[in-house]
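So that you can tell them apart, the chains are marked A, B and C in the order they are listed, and the count of residues begins at 1 in each.
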Amino acid sequence: MSDLTLAATRLHRRTLLLGAAAVTGLSACSKTQTSSSNGGAITLRMSWWGGTSAHKATLNALQLFEKRHPHIRVRGEYTGFTGHLERLTTQIAGETAPDVMQINWYWQTLFSRDGEGFTDLNQHKNEIDFSQFDARTLSMGTTGGKLNALAISNAARLMYLNKTTYDKAGLSLPDTWDSLFARGPQFKAKLGDAYYPLDGLFQDFIALARSYIVQKTGKALVNSETKSLNCTRADMHEYAGFYAKMISDHVWPSAQVRASYGYLPQQEMRPWINGEFAGTYQWNSAIEKYTDTLAGKQEVALAPYPMRPGATDAGLLYRPSMMFAVNAKSQHPRESAMLINFLLNDPEGVRAMETKRGVPVSKTAQKILRDDGLIGKLQQDSEDMLARLPINVLESPYFEHPRVRDGFQDILEAFGYGKITLEQAGDALYDDINAILHRIIR
Amino acid sequence: MSQSATADAGWRKHLPVINAFMRYGILIIIGFMMLYPLFWMIGGSFKNNQEIFSSIGFIPKEPTLDGFKKGWETSTEYTFATYLINTMKIVVPKVIVTVISSVIVAYGFARFAIPGRKLLFALLMATVLLPKSVLLIPQYLMFREFGWLDTYLPLIAPQAFAVEGFFVFMIIQFMRSLPMEMEEAAVMDGCNSFQVLTLVVAPVILPAIISVALFQFMWSMNDFLQPLIYLSSVEKYPVALALKMSIDVTEATSWNEILAMSTIALAPSLILFFVAQRYFVEGITSGAVKG
Amino acid sequence: MFNDKKIGSLYVAPFVIGFLLFTAFPFVASFVLSLTDAQLQDQLGSANFTGIQNYTEMGRDATFQKSLGVTFFYVFITVPLKLAFALFIAVVLNFKLRAIGFFRTAYYLPSILGGSVAIAIVWRFVFAGDGLINQALEMIGITGVNWLGEPNTAMFSIILLRLWQFGSAMVVFLAGLKAIPEDLYEAADLDGASRLRQFWMITLPLLTPVLFFNFIMQIVQAFQEFNGPYIITGGGPLKSSYLLPLMIYEEGFKYFNLGYSSALSWVLFVIIAVFTAIAFWSQKHWVFYAQDREDKNGGAQK
C-alpha cells in the first residue's frame, strides 16, 4: 500500500519535473551527469555526522526540500562522529566527496589551504541570502577571498558549573579569576578532597589557559602568517604557571587523578556524573551532552565569564561549530547552494532542523526558533552572554590542529607528572609549540 | 595406620565427585569473569545513561525497554533489521569464499612442489604482517578505478583470492601436521589430487576449516573501518556502522540503545560459535583417522 | 607429496592472481608514499619525493623511540602469557564434561566482543582508581594502586585485556587437540603413563605445528595491537601505553601525515618480518610435522 503511494508520488514528481523543465528550461537539467539521473532529475549527495535527533531532523528537512524542488533529490550519507573525518578525507583524496558536506571549522585548513578546496559560495549570491550572516562569521569561512564554508552555528567555550554542588558547599559561582582560584581550597575544606570546582580534559584546559593569556595580550595566540606563537616567552611561562596554580590550589584535578579513570570523555566520568567535579569549560553547543548524564536532580548553570583586570577581550575562541561547504568539483553547485540556503535561512528548513546543530547563526533562523520557543534556557543564557562579552580577537584555526593541541598536552602532562620543572615547561611551551606551528603551517 | 588407610579409602571413594566439583567450580568462576561484560551489556540495555557510567553492577534499578524499542527503530530511515540483513549479505558470501579459497591455496602450498614456493609463501606472510591502515588509501583509489565504490565488492571479492594470508597459513599448518598414510592410500586407490583434498584431507581438518569460518565471520561482523570507507549509502550499512550512527560529540548519546543493539548483534556470532564448537569435541576427525 | 608442478600451480593460482590484483598495488604504493611528504587529504600526485627523510626522522623522534620500546615490552610480556593461558584453557575445555560446549562459548565470548563499547566501559570500571580491583585490595587491607593513572601500571591493564581475550588462540589449540589421534593416548594408558607425562610426550609434540602457528600469529597480533590502548588509556599517561600501531594511526588519520605514517608502518613491518623469519628458521629444532616424517620414511623406502 505505502509502496504504491510512494511510486505514485514519484511519478507525480516526475511529471511535475518534466513540466518545470519544459517551461523554465532549467540549465541544470541538461547538465545532469552520471550520478543516477532519473528522468532529468538531479541527485545531490550530502554528508554529515551527528546523533539520533540530528539525523532525524536533517532527513526531515531534506524531504521538505525535495517537496519544494521536485526535480532535486538529496541522498543523505550520514554517520556518527567516529570515523567521519577518516571517511571524508578518503573521499576527498579519491575525488568522490559528496556535493554538500558538513565540516568542522578547522577542517578548512586541511581541505582548502588556498581556498580552492571548496566551491566559492560568493558565486551563489542569488541562491543564498548572506545578509542573514554577520561579517565576522562569514570571514571565518573565507580563505584567500573565497567563501568556502558557511556557519550553521557559532560556539565558544564557557564555564558551566554544577550549581547543586556549589550550593552544597554554600559557595557562589565564581565571577573573577581570583574567586575561581579561591574556590579550590574552599571546596577542599567544605566538601573534601574528592571535590573540585572545575574539571575537563587537557584540551579543555588548554583552551581555558589560552583565554587567560589572550585576555592579557589582547592578540590571537597563534599567528598563521609568521607560523609562530603570537606572544612572548614570558607569556608561555605564565601559561605554565596558570596550570601549576590550578593544580596546586585544588581548582582542577591533577593529571594523575584524571587518568585514574581511564581515557574517557568528561561526561562519562563518575565524578562528573555524581557532581564531585563540579564544572566544565565546554562548548555551548555541546553542553546538553554533559548535563544529560548527571545523576538525579542536579542543576548546571552558566557562570559569569572571568575577566582579567583591564582586559579588552574575553579571549574566547568564538568560531563556527559546524559549517556547510560545497564540493569544488560538484556538478550541481547551484542546487547545492539552494539546499544550504533552505537549511539555514528558509523558515520551513529552519523549523525542521531546530537547534539540533546548536543555535543558528542566521538571524532569521534565530528569530524563528526563538519565537517558537525552541531555544532552551542554558542555550539562551549562553547566547546572551556571548552577545555581551567583548570578542574581537580572531584566533587562527591552527590553534585547533591536533598536533598543536597534543603538543600542549604532552608538556602539561610531563609537568603534571613531575618529569619537567615549571621553568622547563614554560620554555617547552614556547619552543616546542613554535616548532610544531612552523612544521604544520604550509 | 589402618584408620588412616580407611580414611584414605573413604576420601578416594569421593574423589570423582570432588574432582568434578573442583573442575566445575573453576570453570564456573572463570566463566563468570568471561561472561561478566555480556551480563553488564544486557543489564546496561535497560539502564539510563548516568547509571550506565556510574555502576558496574548489571542489575538495572529502573529497567526500561526503551533501549530495545528505540534502538531497533534507529535514528535512520531504516530499522535495525535492514542492517542485520546487510551484514549477512556481506559476511555470508565472505565466509564461503574465504573458506574455499583458503583451503585450495593452502593445499597447493602444503602438498605440491611448486616453482617459487618460498617466494610465494613469503608474499603470503607479508600480507599478514603489514599493518592494514597503511593500505587503506591506495586500496580505496584502486577500488574507485574498478568502479566498486558503494558496493559490497571491495569487502568480499578479494577474499575469493585467498588474500588473507592468516587463514591460508593456518590451514597449511594443520595439513602439515597430518600423517600422509591416508592420502597415499587414496592416491593408490586412483583418487586425483582434488579428490584427495575433498574426500580425505578436508574432513580430517574440519575443525580447522570451521575455525577459519568462525574467525572470518566474527571479524567481519566487527569490521568498522572498511565498510565505513567503501559504503556511502546508508541503506547499505552493516551493523558495525549502524551501531555508531548515533554517537556524536555534541548530542547526548542513548547508550542503552547502543548496548541493546550490540547485544542483538552479538547473537548470530554466539549461536554460530555454540553450534560450531561441538566439532571440536567429537569431530569427524577421530573417526576418520581411525576408520 | 605431489610432484606435478602444473597442478600445484593451479591450486596456488588464486592467491597469485589475488595478490597481483588487490594487494600488490597498495603494497608498492604505501612504500612509495613512505618516501614522500604526502598529506592524507591531498591528491597523491601533489606529494614531494623526500627520499629516506621519513626514516631518518625517526632517529630524532623521541615519541617514536618511546613508542618502540613500549611496543617491545608489550609483545614480550603478552605473547608467552597468552599462549600459555590459551593452551591451558584449551586442554581444560577439551575434557569430556557435561555442558562443556556452554563453557567453550562463554570463554570465547570476550574475543567476540572485540573492542566494543561494553568492553571499554567495563574494563575501565575494573581498573579505575575507585574500581573493582582496588576495592578488592582495600578489603584485604592493601592500599589501592592508580592503575590507569601511573605510567608504570597503565600498560598492565592493556596486557590483561588481551590475555582475557585469548579466544582465537584457544580455538586454534582446540582444533589442534582434536587432530591428535586418540589411539596414541590409549596406547600410553596401557603403558601406564601419567596424564602429565602424556601431555609432555604426546600432546605437546603433536601440537607443535599449531603452537607454531599461534606463536607467529600472536607475535603479529601483539605488534599490531591497537584496540586496547585506543579504548582504555588513549596511549597515556606520558605515552606509556602508546603502542606503535596507535602512533601509526594517529600520524596518518589525526595529524594527516601520510608519508611519515607509511614509513612507520614499513618499519613495523620489517620488525615483525624479522621476528617471523627467526621463528620460521627455528622451527626445524622444535616443530614436529607428521607429514615430513612420512616423507622421509617414504623416501627411504623408495
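Points to keep in mind about this one:
We adopt the following convention: a residue touches a chain if its C-beta (ideal position, glycine included) is under 8 Å from a C-beta of that chain, and two chains touch if they have at least 3 such contacts.
Since the model is a prediction, treat every value here as computed from it, not as a measurement.
Traced through touching neighbours, the fewest hops from chain A to chain C number 1.
Look at the CA centroids: the one farthest from the centroid of chain C belongs to A. More C-beta pairs in contact connect the chains of B-C than those of the other pair, out of A-B and B-C.
Separation between the centroids of chain A and chain B, computed from CA atoms only, is 39 Å. If each chain is reduced to the centroid of its CA atoms, chain B and chain C end up 15 Å from each other. Counting partner chains per residue, chain B shows two or more touched chains at residues 53, 137, 141.
For chain A, residues that reach two or more other chains under the stated contact definition are 86, 93, 268, 270. Residues of chain C in contact with two or more other chains: 40, 44, 121, 253.
Here chain A touches chain C in the complex through residues 85-86, 89, 92-93, 95, 110-111, 255-264, 268, 270, 402-403, 410, 413-414, 417, 419, going by the rule given at the top. Those residues of chain B that touch chain C in the complex are listed here as 20, 23-24, 26-27, 30-31, 33-38, 40-41, 44, 52-53, 56, 101, 104-105, 107-115, 120, 123-131, 133-135, 137-139, 141-142, 157-158, 160-163, 166, 168-170, 173-181, 183-184, 193, 204-205, 207-208, 210-211, 214-215, 218, 222, 255, 258-259, 262, 266, 269-270, 273-274, 277-281, 283, 285-286, 289-290.
By the touch rule above, chain C contacts chain A in their complex via residues 40-44, 120-121, 123-124, 127-130, 146-151, 154, 231-239, 253-256. Residue ranges on chain B touching chain A, taken from their complex, read 49-51, 53-54, 75-77, 136-137, 140-141, 144, 149, 224-225, 228-229, 232-234, 241, 244-254, 257. Note for the complex: chain C touches chain B at residues 1-5, 7-12, 14-19, 21-23, 25-27, 29-30, 33, 40, 44, 89, 92, 94-97, 100-119, 121-122, 125-126, 131-132, 164, 168, 171-172, 174-179, 181-183, 206, 209-210, 212-213, 216-217, 220, 224, 245, 248-249, 252-253, 258, 261-262, 265-266, 268-269, 272-273, 276, 289-295, 298.
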